[in-house]
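In what follows, chain A forms one complex with chain B and a second complex with chain C.
Right after this comes the complex of A and B.
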């Protein structure tokens, strides 16, 4: 065991938990929004927008996440440069968040779509029949019942996203694993199993907490399915 | 096609003119004209596929007619032109519907199912909505089931909550879409009794049903829909006891055998 493991390395890993959480949370929130919008298009009429979204989704689902991160990291500045905008000084973390959001929105969309398809259409008609506007019906009937069906798949998705923050270091965004790799490199690989092991334990704890939170939410959502009053 | 008319002594609540509706090139409704006056209980009879449920769903725009017009109280929609969502919403807020499969919100208690429309649509306070909800639950004999979720209620109880929900909205007309056809036979009479009680309070009702005897008891007027048109129309005595056409006689004799 490296002598400085408990004194400096573990505190250093812990210090990088917040940035890891940012790389998880920001794309998650943005993807919930964009995924919902994509989902609304995907369950609607098959117009031009539908096909654009469908192709976009199939591209992001059909290519490796790491390739997408590189494409965004190297490609986006070039794309912006065409319009005379220089984004080269944006930090790697921002590119990681953009790439992850673009990817996660697609998976979010399909997860929500699966939930929506599972909602009893009679529930939606009922909302309309009692005079809900389309917006009221969306937020009061469609959203809660869609989330209820989709919650278990959302849990799996979010755990994956949390773990996948660990690839951010490949474009130089320093989160927890990025920090660990830095320490390992500085000590020429000595004690690397200990350091990686410590990181693994922290990831495991974070994922477990996330899993528990989702389980509690889904239990709360399912309370109306219990047959005993 | 006749024009919509306003008559002060016989107040027309629901008025349909020239309602046509096709599904995939198959014309289900072939130009229906129908007026329902205030306090009337209209039963719509007809065999499966006759278009009677589609007709009912055209009234609150759950199905949009291809052409024709619908008036409910002061709300008017002409499907010949462009239809605004705002007009549909206004019309729906004058109606309430009781569905074949009850369609209570699964994630709401009996009480919340009723208060939902009162607080969200009618902007009543929570306390006022709950008082109304308890009142209508009492009327359908389910006061003590207020806090149950739908899954914890029998089909008959769910349908009675659904009737209470419709009543609470105090609509100009309540539309019933085969309210007992998804129920176990022994629960049917409970629901029918509830509907009969509600009818006595003077609420305007349009009921699509397969049950001849129930229609005979509850309705003040009966129409028989066949192949997308109104084949017979009149009092229950006229249509059910003394049908004019062979088609209705045949239908009634088949239903009587059941």
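Right after this comes the complex of A and C.
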């Protein structure tokens, strides 16, 4: 192992972890919101809005993430240009976050919908019958039970999103892998396998931590189940 | 929006010409992923003492690393492997023609092989235990039980998850564009480079991907309904 190279590269990789985490966290939070909204439309009546959302979801699930990133990167400035707004000087990271949010919302919606379908309908009726308002019923009855069913799929989804941040370098947003690629290019490809190996280990550690956190959350959510059983 | 619609239409066949390459890449990756998954799955299911732990650890590691990193790793490792393979058999190392296509196949196959291993394991476990016991009761040998009873049922059970991963894999092949494998996305990129009409070319590519994925989903759904008739609850 070329130790002098690793001494400079590994701290550099670690310095870029926060950027990777931002590219993971911001889309996750935003798409939890948008995904919930999409899900509410998708489980409701089959009106025009339902079909628009269905086509939107089908598109984002049927095309590769990298194509969506390119579409947003090249398409959004043109779209804003119609309204006379110039967003060409936005940094690439913002485009990446927008594209990932649009993509993840669809997957989030489908995951939550799967969880919602798994909720006993009697629970919802019971909630209404004991006098919860619709908002109260949503937050106190539907959300906890939906999340409990969906949490395992959510875990897989979040791990995928964390890993997919590594695609951001294709549009020039420098996160961890972008930095690694930069170092490899600057040193004309020497020691590339070691640099990528170090990046792989860091990604693996981050994914493991995420997995452990989600497992703890899901154990906590299932605490009522175990008491009955 | 100012889109060059004429270019978009005239570029469509050019982008479509890249589709066979994507499908070939998908085919080989899926084939090797299945082989890896079946081997790993059998090791896990048959509980071979040390090999099982190794396979599980390997799977966990592969799943914890982005496909992009694996692709880049294989891409950069190829020259070393080629040099090492030089003059073994008929292969002749040529630094100007390094085969990047196999590198992409290896990376994608390893990545999805790890995921599909889970599908294999869970599908076999989903076969009703009573089936195995009945097979033993009518005097089948373990090999016969596996080949005639468990495998046919597990295959059908696995179709929906396999479809999912198949579509994921097809979409994942677009990442091979970052290591210069000439699949559809690269074709679109090259065709757009002359006039900087990237958006139009990418819209074309997106439409084709969408259509192909929808077709695969539709086809596999039909297949599942066709062969999965025994899975429907009996109306007795």
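The rule is simple: the second predicted complex is superposed on the first by the 223 of 229 C-alpha atoms of A that agree within 3 Å, B and C clash if a C-alpha of one lies under 4 Å from a C-alpha of the other, contacts with A are read in each partner's own complex, and residues count from 1 in each chain.
Throughout what follows, a contact is a pair of C-beta atoms (placed from the backbone, for glycine too) under 8 Å apart; a residue touches a chain by one contact, two chains touch by 3 or more.
Predicted, not measured: the structure shown is a model, and the values here were computed from it.
J.: In this superposed model, does chain C or chain B come into contact with more residues of chain A?
T.: With both complexes superposed on chain A, more residues of chain A are touched by C.
J.: Have a look at where A:224 lands relative to chain B and chain C in the superposition and call it first, second, both or neither.
T.: Only chain B is touched by A:224; chain C is not.
J.: Report for A:123: first if it touches chain B alone, second if chain C alone, otherwise both or neither.
T.: Once the two structures are laid over each other on A, A:123 reaches chain B alone.
J.: Applying the touch criterion given at the start, work out whether A:140 contacts chain B, chain C, both or neither, answering first, second, both or neither.
T.: first
J.: Which partner chains sit in contact with A:214 here, chain B, chain C, both or neither? Use first/second/both/neither.
T.: neither
J.: Touching residues of chain B toward chain A in the complex: what are they?
T.: 60, 62, 85, 89, 92-93, 95-97, 99, 101, 103-109, 116-117, 120-121, 147-152, 165, 169
J.: For a test of understanding, state which residues of chain C touch chain A in their complex under the given definition.
T.: Where chain C meets chain A, its residues are 1-3, 61, 63-70, 72-73, 76-77, 80, 167, 171-175, 177-178, 185, 198-199, 202-203, 205-206, 209-210, 213-214, 217.
J.: Sort out for me which residues of chain A touch chain C in the complex.
T.: 58-59, 61-68, 70-71, 74-75, 78-79, 81-82, 159, 163-167, 170, 177, 181, 184, 189, 192-193, 196-197, 199-200, 203-205, 207-208
J.: Give every residue of chain A touching chain B within the complex, in rising order.
T.: Per the touch definition, chain A meets chain B at residues 120, 122-123, 125-134, 136, 140-141, 144-145, 148, 221, 223-229.
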